[in-house]
Amino acid sequence: MEPLQSAIPLYVVSVSLAASLLIACSRKAPNLREFWTVGAACLKFVLVLSLIPPIVRGHIIECPLFTVLPGLAMHFRVDALGIGFAATASLLWILTSFYSISYMRSLREHAQTRYFTCFAIALSAATGVAFSGNLFTTFVFYEIITLCTFPLVAHKESAEALRGARRYIVYLLGTSIAFQLFAILLAYHAAGTLDFRNGGIFPASVSAAYLAIVFMLFVAGIAKAAVMPFHSWLPAAMVAPTPVSALLHAVAVVKTGVFVIFKVILQIFGVDTLMRIGAGIPLAYVASFTILAASVIALRKDNLKARLAYSTVSQLSYIVLGAALLSPSSIIGGFAQIILHAFGKITLFFAAGAIYVATHRTEISQLDGVGRQMPFTMGAFAVGAFSMIGIPPFGGFLSKWYIAIGTLEASALPILLVIALSTILNACYFMPIVYRAFFRSPLPETDSHHTPGHDSSPSVRRRIHEAPALMVIPLVLTALATVVFFFMPSLVLDLAKIVSADALGGRLR
Amino acid sequence: MIKEHAPVLVILVPLLSAVLVPLVGMLRNRFCWHVAFAATHVSFLLSGLLLFRVQTNGKISYRLGGWEPPWGIEYVIDELNSFVLVTIAFIGFLATLYARKSVVAEIEPVRIPAFYSIFLLFLAGLLGIVITGDIFNLYVFLEISSLAGYALIAASRKREALLASYNYLILGTIAATFILIGIGYLYMVTGSLNMADLRERLPALYHSKVVLTAFAFFSVGISLKLALFPLHVWLPNAYTYAPSVVSAVMAATATKVGAYVLFRIMFTVFRVEFDLEVVSITSILLVLSSAAIILGSVLAIAQTNIKRMLAYSSVGQIGYIVLGASIVNETAMTGSLVHILNHALMKGTLFFIAGCVLYRTGIEDIAGLRGMGRRMPFSMAAFTVAGLSMAGVPLTVGFVSKWYLALGALRADLWYLVPVILVSSLLTAVYFGRIIESIYFGRAEDGHSSGSLSRERMHEAPTGMLVPALLLAVLCLVFGISASTTVGYAEAAARLLLGGR
Amino acid sequence: MIDFALLFFLVVCAVAAIQMRDLLSSIMLLGIYSFIMAVVWTRLNAVDVAFTEASVGAGITTILLIAALSRTRRMETKQCVPPANLLIYGTVILLTSAVLLYGTLDMPTYGDPGAPAHSHVAPRYLEKSYEEVGVPNVVTAVLASYRGYDTLGETTVIFGAGICVILLLRRKI
Amino acid sequence: MEFIAGKYNYWIYVALMMIGFYAMIAKGNLIKKIIGMNVFQTAVFLFYISIAKVREGTAPILWDRTVLYDNPVPHVLILTAIVVSVSTTAVALALIILIYREFGTMEEDEILRIQKNGSAVPPGKPE
């Protein structure tokens, strides 16, 4: 099918960019400011939705922007892969907006304007990555995300927050300059172009060793995908406020990373080239290692957000694994995981934030009986956890199923075992939380801020309620969504099949 | 008439205005600035006209006094120097704009007429170096600008500036004399002083020991002038203690002219074949510039004074400019040449802002910038943009140059230079990142009680100083987002220098 | 033979001027050095240059130096250069002189009328300058006309130096 | 012998130049450096004038068509260079006077020491 020309991708990206300006300008009027956030989020989602039908029909949407240098252009090009990511991110932005507003106001956080401004820019850049038509555009938006999430991670401005934020930026910026940019240069040098193209851009004359080096540099350079050993920025980033962790570190930022890996594998190298140089399976093993190792670490974390962070590291590698296996089903599974993991993980983070707002508790060992006091929150948490583990009837099952089939197609049996083992590990680190929350009697309620010395005083005792409705509703919705996805898999799989067919040159079924 | 004589007017306008300024200064002190402003403005417009004419009609040759080239002095304006000329004239123009407030704060009123006069001479000297096609004439203009440069540095109120200027004078004189020796040696065996004529006559003599010696002395002399590592020793002190506007102009123009002269000698007077096959100067420069790139960045990290940090970073950036020439292909050369402009934009912004901060708060240490984002939001935004650009963030000018340099290195199969470039980008990101973080997230704890901080909210630099800085910062973005124009000029110049290699 | 002696004497003067601890004597020796240089140049038929050197080099420079000395101190403090530094300086100087001497090997013999310098641009000045400029002294003709812009630059340098000195000496402590 | 006669001037110029060069980089006294600088530059001028010499040539003042003249070009260049050299000296001396006023000394190591220790008292302030 011939590509369609449309300016809508540009609008999608600039909606939140414009919103960030408006937000910054209305720092004196919080309600107006929040209106901009919500309005932009809704508008953005509608615009993204309007792009879906042509894509499902098999079109590709082109939107050239401008040329920076001869050979380097900013260029949008929307395909099924990109629209899936963009739709997820922009839908979740709406929910996160409500959640953030409530969260920030409940905790009376400082610098809220900066927070919402940076948030909007980050979303803008995430869709920019989703829509980018060449590696240069991807790289630009990738860096914008890194830079504009720095203030979000450092939001508390405490020494600890700054330390975490510094680590975050050093890792992300460092790897992207030292490795990713190097890889891009090498790719441009060999191929003469950076445009994404199904089947890859490298001419057959490029040597396998060269390509292998470029591939390794890419994997190392895209640290946002948190493949070990380049994962440690993610736990460090957990010093950020919870909505940031929820949307950015469970969805936008890390998904940007795996999305770029997906793009690089499928549209820079191409399945055939990677088969030729045999780079897929080694990467699959690295990803498998990450899946297991991160799960084991997650088991040992008592801090709820830290456990979720390591769970993210582990789950992201499923996506990388799906792409690395280079088989039709695994690609479908990897793509589905991008979307399904987003919904599951954001539910978990939302719940963690709600718990913090309601109880000021951050450690898992303090969660005894919370489920009885906050049934909706913890109910949703349980749903999210089930989806993560991959139990039917929750969405997470779909992606794992396809990846598992993919391992068979790629005849990589050991990896199937890894998936099985990891499912058990997932259950091991999620189920105790759910158990604790519902089946243990509540702790003596402390006032707040984990100061156990004060809990003897009866005057500071107070009952724990659910968090504000604006926080609970989004997390219930996302939890419901994971169920919906299981029963209406075509929402995800239609796009996934296009992605897979594009990548394999229509060889699917 | 103007169009015809533009090549000589570019020089003569600031030169004669320099004579005019002290006379005007006798009447009214503050008119000096007006004269300087008008002169640099005219000079900038003329250089723009020349660039335009070169781009449309090709090389311009202007015969001074009407004598034909090898006998008389010739000004030659081609793709290379028209580009450098505009860069210098533009920075000079903006600096004059900036100087109005800055100079009043840093220099006693009695000295202002002399200051502007010298300032104009300095610019005229630089422009003259760039425009001339005669190698001895180049020496004369080099001395004009150098003498003016020494005095400008010493015009600072800081007493450390005196010794810095003196040391620069000694090294600068050694450099100039070395260049003079080179000229003498070439004259001895060719009988000519005209660059184009030398280019024709030299190939037959490439293996003459006289020519080799001449080339060695040119290289060392120019490297000293352009502060190529390890001959950069004069630069940090000079830039640190000079008046703000002088640091900015010198960092943005003087070293660039040095690089220009190096390229002229290496590729116009001598030919590429000579550099590659006879002396292999390029491999020496490759090592030195790589060392400069890395060590400049490392030393910059270690500094606590803002201007000194910027000075060391200049050492590294000069390395980039020379690196492109030592790779010897069109891509890298393009990167090098476009970096002449790009670095002028970035470093100009940074030094301008350092001056703004000094003007408003008297702060010179990096630690003092803490929390400055709230007090001087526009200045700090410009600083941030330029800092990011120095680190080579895409869509800023810094990225453009580095892209071409790295790509050029790959095309020449010198892949190991790419890590050098990337590592130095990382180091640059570290030292600028640190500052940018403390600007926006640091709290100015010491010395300021919270009450005085809130009173000091928004204490921006005066418009006259802010506007040039912001303009440069905006250009950092504009030429980073749409680099085709600047890269186009640089590419044409690179083709000219390397002759299609 | 006298030329050889003069040149030798130059070296002696230079060494003495550098080594003298009394700066005033140093300056006087420098003046003598310049003056001998002027004599050498006269013998080399560079009359104009010799005049200039005698007046500017031996005259004005000496006066400037003495004027500066009168505002500062006359004696140089005894200093011992650290051996490490001496080694560096020694290397730099040996290296530079080695390169220069290497260069002299291929030079046209001193006074050779067929040297390229005398056969390319200069002949035209010698042949045509009288018709074209109308001054019998070729040096003046070239200075004033063919390379007039160098002379403009030269004047600018003097002017610039004057202004520089004004700029500097008006500094208040 | 002819070889020596053919190069003698050039060698002397190298020797003179190195004497000046040594003073410029190794001497600690600022005025000594300037003296060295003059020796250094004048040596180079000697080289230029030597280039101009033609055996049996006369000063380039035209009076007879048949006579062999010296090359006038180096003379012209050196006339300019001498002026430049004196100008540099003047500026350098102005700097020295200022440094002496500020630091009370002309020895580089002492100035550096004063700068480092921050002592501002010029011991024997003139005027």
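Read from first to last, the chains carry the letters A, B, C and D; within each, the first residue is number 1.
The rule is simple: contacts are C-beta pairs under 8 Å (C-beta built on N, C-alpha and C of every residue); 3 or more make two chains touch, one makes a residue touch a chain.
Note that the structure is predicted; figures quoted are calculated from it, not measured.
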item: Pair with more cross-chain C-beta pairs in contact, given B-C and A-B; value: B-C
item: Centre-of-Cα separation between chain C and chain B, whole angstrom; value: 30
item: Gap in Å, rounded to a whole number, between the CA centres of chain B and chain A; value: 45
item: Interchain centroid distance [CA atoms averaged], chain A/chain D, Å; value: 70
item: Of all residues in chain A, the ones touching two or more other chains; value: none
item: Interface hub residues of chain B, defined as touching at least two other chains; value: 136, 140, 143, 147, 150-151, 154, 181, 187-188, 193
item: Chain D, residues touching no fewer than two other chains; value: 21, 25, 51, 73-74, 77, 80, 84, 87-88, 91, 95-96, 98, 102
item: Pairs of chains satisfying the touch condition; value: A-B, B-C, B-D, C-D
item: Chain D-facing residues of chain C, complex; value: 4, 7-8, 10-11, 14-15, 17-18, 23, 26-27, 30, 33-34, 37, 40-41, 44-49, 52-53, 56-57, 60-61, 64-65, 67-69, 71-73, 76-77, 79, 81, 85-86, 89, 92-93, 96-97, 100-101, 104, 107, 109-113, 115, 117-118, 121-122, 125-126, 129-130, 136-139, 142-143, 147, 150-151, 153-154, 157-158, 160-162, 164-165, 168-169, 171, 173
item: Of chain B, residues touching chain A in the complex; value: 388, 391-395, 400, 403-404, 406-407, 410-411, 415, 418-419, 422-423, 425-426, 429-430, 433, 437, 440-441, 443, 480-484, 487
item: Chain C residues touching chain B - in the complex, by the definition given at the top; value: 99-100, 102-103, 105-108, 115-122, 124-125, 145-150, 153-154, 156-157, 159-161, 163-164, 166-168, 170-172
item: Residues on chain B engaged by chain C in the complex (per definition of touch); value: 15, 18-19, 22, 64-65, 67, 70-73, 108, 110-111, 114-115, 117-118, 121, 124, 128, 136-137, 140-141, 143-144, 147-148, 150-151, 154-155, 181, 185, 187-193, 201, 208-210, 212-214, 216-217
item: Parts of chain D lying in touch with chain B, wherever the complex brings them together; value: 21, 24-25, 30, 33, 37, 40-41, 44, 47-48, 51, 73-74, 77, 80-81, 84, 87-88, 91-92, 95-96, 98-99, 102-103, 108, 111-112, 115
